[in-house]
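The following blocks contain the structures, represented as structure tokens.
The following pair of complexes shares a single chain, subunit A, combined with subunit B in the former and subunit C in the latter.
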Partner chain A sequence: MKDVELKVVERAKALLASGEVARVVGWKKGDFCFDPSPAVFESVEELDGLVYNWFCGANLSKYLIEISKKEGKTAVFLKPCDTYSFNQLIKEHRINREKVYAIAVECLGKLDVEKIKAKGVSMIEDVEVVEKEVKVATAYGTETLHKPEVLLTKCETCQKTHQVKDEEIILHERPARDVDRFAEVAKLEAMTEDERFAFWKEQLSKCIRCNACRNVCPACSCVKCVFDNPASGISAKANDAEFEEQLFHIIRAFHVAGRCTDCGECSRVCPQNIPLHLLNRKFIKDIDGFYGEYQAGEEAEGKTPLTSFTEGDVEPNDAVDGEAK
Partner chain B sequence: MQDVKTEKKEFTPNIVAFCCNWCSYAGADLAGSSRLSYPANVKIIRVPCSCRVNPMFVLKAFQQGADGVILCGCHPGDCHYVTGNYYTRRRMALLYSFLNYMGIEKARTRLEWVSAAEGQRFSAVMNDFVKTVTELGENKRLTDLRVKEGE
Partner chain C sequence: MLKIAKERLNELYAAISNAMELVLPVKKAGEVNFAMWAEGKEVSLETLKTVKSPKDTFFPQSENMMKFKTDGKNIEILDIRAEKAPTVLFGVRPCDYKAIEVLDKVFLADPVDTYYQNRREATTIITLACAKPEESCFCKVFGIDAAAPAGDVATWLDGDNLYWQANTEKGEALTALVKELFAEGGEAEVSAQQEKTRAIVEKLPFATLDLSRLSPKTSTIYSMTLLGRK
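Moving on, here comes the complex of A and B:
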């Protein structure tokens, strides 16, 4: 990963120094190695703070909506999953493609510091990954963890590849793998209605309505949002008989149905660890089942499942769990 | 002091029916003028097209105390606006399936195609839907507490 980071910083500096781009969007070093945050770099000196390590999980594509309105070109580093969001935003005419220089950067999965800490590892100083072993250097010595156990949830089932690029920085090939991202959704579908209701009641009752899932979502980028409208009746916590935040989450998930690329940012940022991606994946699974496989963000053009139809579509009364019953 | 009612009231569901102006609302009219009966607890809301029904309307109806929500529109291919009901069909297929995934009984949501000539069918659909929802009982999973206050 260190070799990739060197290359990333080197390319960013070269692009900015040559004047080819006016700014670079990347990840900025935080106080520790595990808390880099998205940032805009406008000078070569600033780029000393640019990092690309095992904790750069943040999707940078949403920032380009505002940034691509500025003068000059913007260089951005996109991981495979980010390119889907990027493409989807181009499709929705939110990003001006001409003003973005997209650099596809390799990703072998990103790590979740919360999961590492949950393993009882603290005072983390540095992390290096060799194959499936995560070596965490701490103030107390080195700890070795199993990589699949400490991956971000969104990386556990990722099979994405770069969809768009102007150039690439790929030094290590990621081995192809075969995982079923709908396994957990199918498990829920197999439950009874009461069990499902109990499951979601337990999960969504944790919600503190911080709106982080909405703010981070690249698909959720309306200029005016229903959740900011006090007259909508859902701007504040609802006095629901069973649990408070159910309506918010139904609406949030429905608004991105057919446009959600399954980038998994919602679950990553949730401070309460609600598995929000299971809501979005339900829609993806249903769309695949009812209307044929569709991956949002694969193409920058064409119709989406909810803006098209066929005469023989499934009837809502019979439509359950991705098939007509 | 107020009387405390001890006997249980028989449950009559609150049903919200969104009917499109061109087919289903006229179908309801025909049912009426043909002297066909359908339960009085069906509250019809006239919409220009079934496609006008934002999923939010369905959620709001449940939140405000509906026990069942039914959408009625023109038969596919007969939409006054040519393609409106095709979009409705996709949207509602996803919404109903999703609500079911959240643990809300599938039978509380329904979509039926009723033309302006199908007064008989309108009455049959409504009678059947009310019967189904009555068996399911009160909707407790999507209601807002404030609506039930004072009951």
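Moving on, here comes the complex of A and C:
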């Protein structure tokens, strides 16, 4: 991973120094080795703080909505999953593609520090990954963990490939995988209605309505969100269990249906670890069933299942019963 | 000092809960937060920090504060505050307890926030010392001793026992209520844990954070608390 980071920093510096781009969007070192955060770099000196490591899970695409309005070109590092969000935002005319220089950067899955800590590992100083072994150096000694157990949830079932690239930095190929990303959804579908209601009630009642899921979501890019609009009558900020359980997250899932690329950022940022991505995946699974396989963000243009009509479209009642064609 | 075996903690919760409401760190759908105890709840005293602080006990996110009665042009304000049920807040970390002291400086000072005061007075706080602080902890900078928390009762947890020390009258009253569950002793174990915890705290990356960037007003509130001035 160090070799990739060196290359990332080297390319960023070269692009800025030559004036090809006016700024670089990447990840900046945090207080620890495991908390880098998205950042804009505008000088070669600042780029000494650019990192690309096992904890760069954050999706940078959404930042380009505002940044691509600025003067000059912006270089951005995109992991495979990030490129789907990027494409979808171009399709929705939210990012100006002409003003972005997209660098496809390799990804072998990112780690979830919360999952590492949940294994009782604390005082983390450094992390090294060799194949499926994660070696965590801590003040209490070195711990070896099994990589699949400490991956970000969104990386567990990822089979995505870069959809956008003006150039690429790929030093290690990721082995192809065959995983079923709908396995968890199928488990929920197999429950009785009451069990499923109980599952979501327990999960969603943890919501503290911090709005992190909405803020990070690339599909949530409305200029004025209905939940921030005092005139809408539903802009509540206090967490009222019933509202969060039955409305907020469901409304959001409907709002992003057909546009959600399954980037998994909602679940990554949730401080209460609510598996929000499962709501979106259920919609994706249903869309696949009703209209044929469709992956949002694969194309930057073209028709989408929920915004086009054909005579063979599923009838509403069939959809309610969950009967796919 | 008193001690009780870890396996018997459920008996302690039940005994407290018989007499008053008991709020403590409970695991729900994978996350630990302060919640009302009931038989069968999964208590997690090992979790260093709950997702949310215990502040909600004193400041619920929403509450009915008053009612209005209108009669023509007259408006009558009805005070609907009821006596707050006696509550025990258990498992408050030293830093979270310090935060409550800071809240007291603001909300118990003139003009007193009587909603806060009602809850505060009805609540007995049992703190829990830290045995394994994490890299993100910075209690030392604020003069907080992670190994010796304040509170009505201070407790320490190790692999075998919970150790219990009443600090105030409220704490003594609660202790009297549950004393038969406890045995005497534990001073040596607690001292050993304290020594270990303090040594770790010294080595934490934020042990020497620079507080000069705090605004003068914020610094004053903290230093007042640290010096114990009212």
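Here, the second predicted complex is superposed on the first by the 309 of 325 C-alpha atoms of A that agree within 3 Å, B and C clash if a C-alpha of one lies under 4 Å from a C-alpha of the other, contacts with A are read in each partner's own complex, and residues count from 1 in each chain.
The rule we apply is simple: a residue touches a chain if its C-beta (ideal position, glycine included) is under 8 Å from a C-beta of that chain, and two chains touch if they have at least 3 such contacts.
Predicted model, so just to flag it, every value in this text is computed and none were measured.
In the superposition on chain A, contact of A:206 is made with subunit C only, not with subunit B. In the superposition on chain A, A:305 makes contact with subunit B only, while subunit C stays out of contact range. Residue contacts after overlaying the shared chain place A:171 against neither subunit B nor subunit C. Once the two complexes are laid over each other on the shared chain, residue contacts for A:6 go to neither subunit B nor subunit C.
By the touch criterion stated above, A:313 is placed in contact with subunit B alone, subunit C being left untouched. After overlaying the two complexes on the shared chain, residue contacts for A:272 are found with subunit C alone; subunit B is out of touch. By the touch criterion stated above, A:14 is placed in contact with neither subunit B nor subunit C. Applying the stated contact rule after C-alpha superposition, one finds that A:198 touches subunit B and leaves subunit C untouched. Shared contact residues of subunit A with subunit B and subunit C: 238-240. Only residues 31-32, 117, 122-124, 139, 202-203, 206, 208, 238-240, 271-274 of subunit A touch subunit C when the two sit together in their complex. On subunit A, the positions that touch subunit B within their shared complex are 188-189, 193-201, 226, 233, 238-242, 246-247, 250-251, 253-254, 257, 279, 282-283, 286-287, 290-291, 305-307, 309, 311, 313-317, 319-322. Chain contact summary for the complex, subunit B toward subunit A: residues 55-56, 59-60, 63, 76-77, 83, 86-87, 89-106, 109-112, 140-146, 148. The part of subunit C that touches subunit A in the complex is made up of residues 28-31, 33, 51-52, 61-62, 132, 134-136, 200, 203, 205-206.
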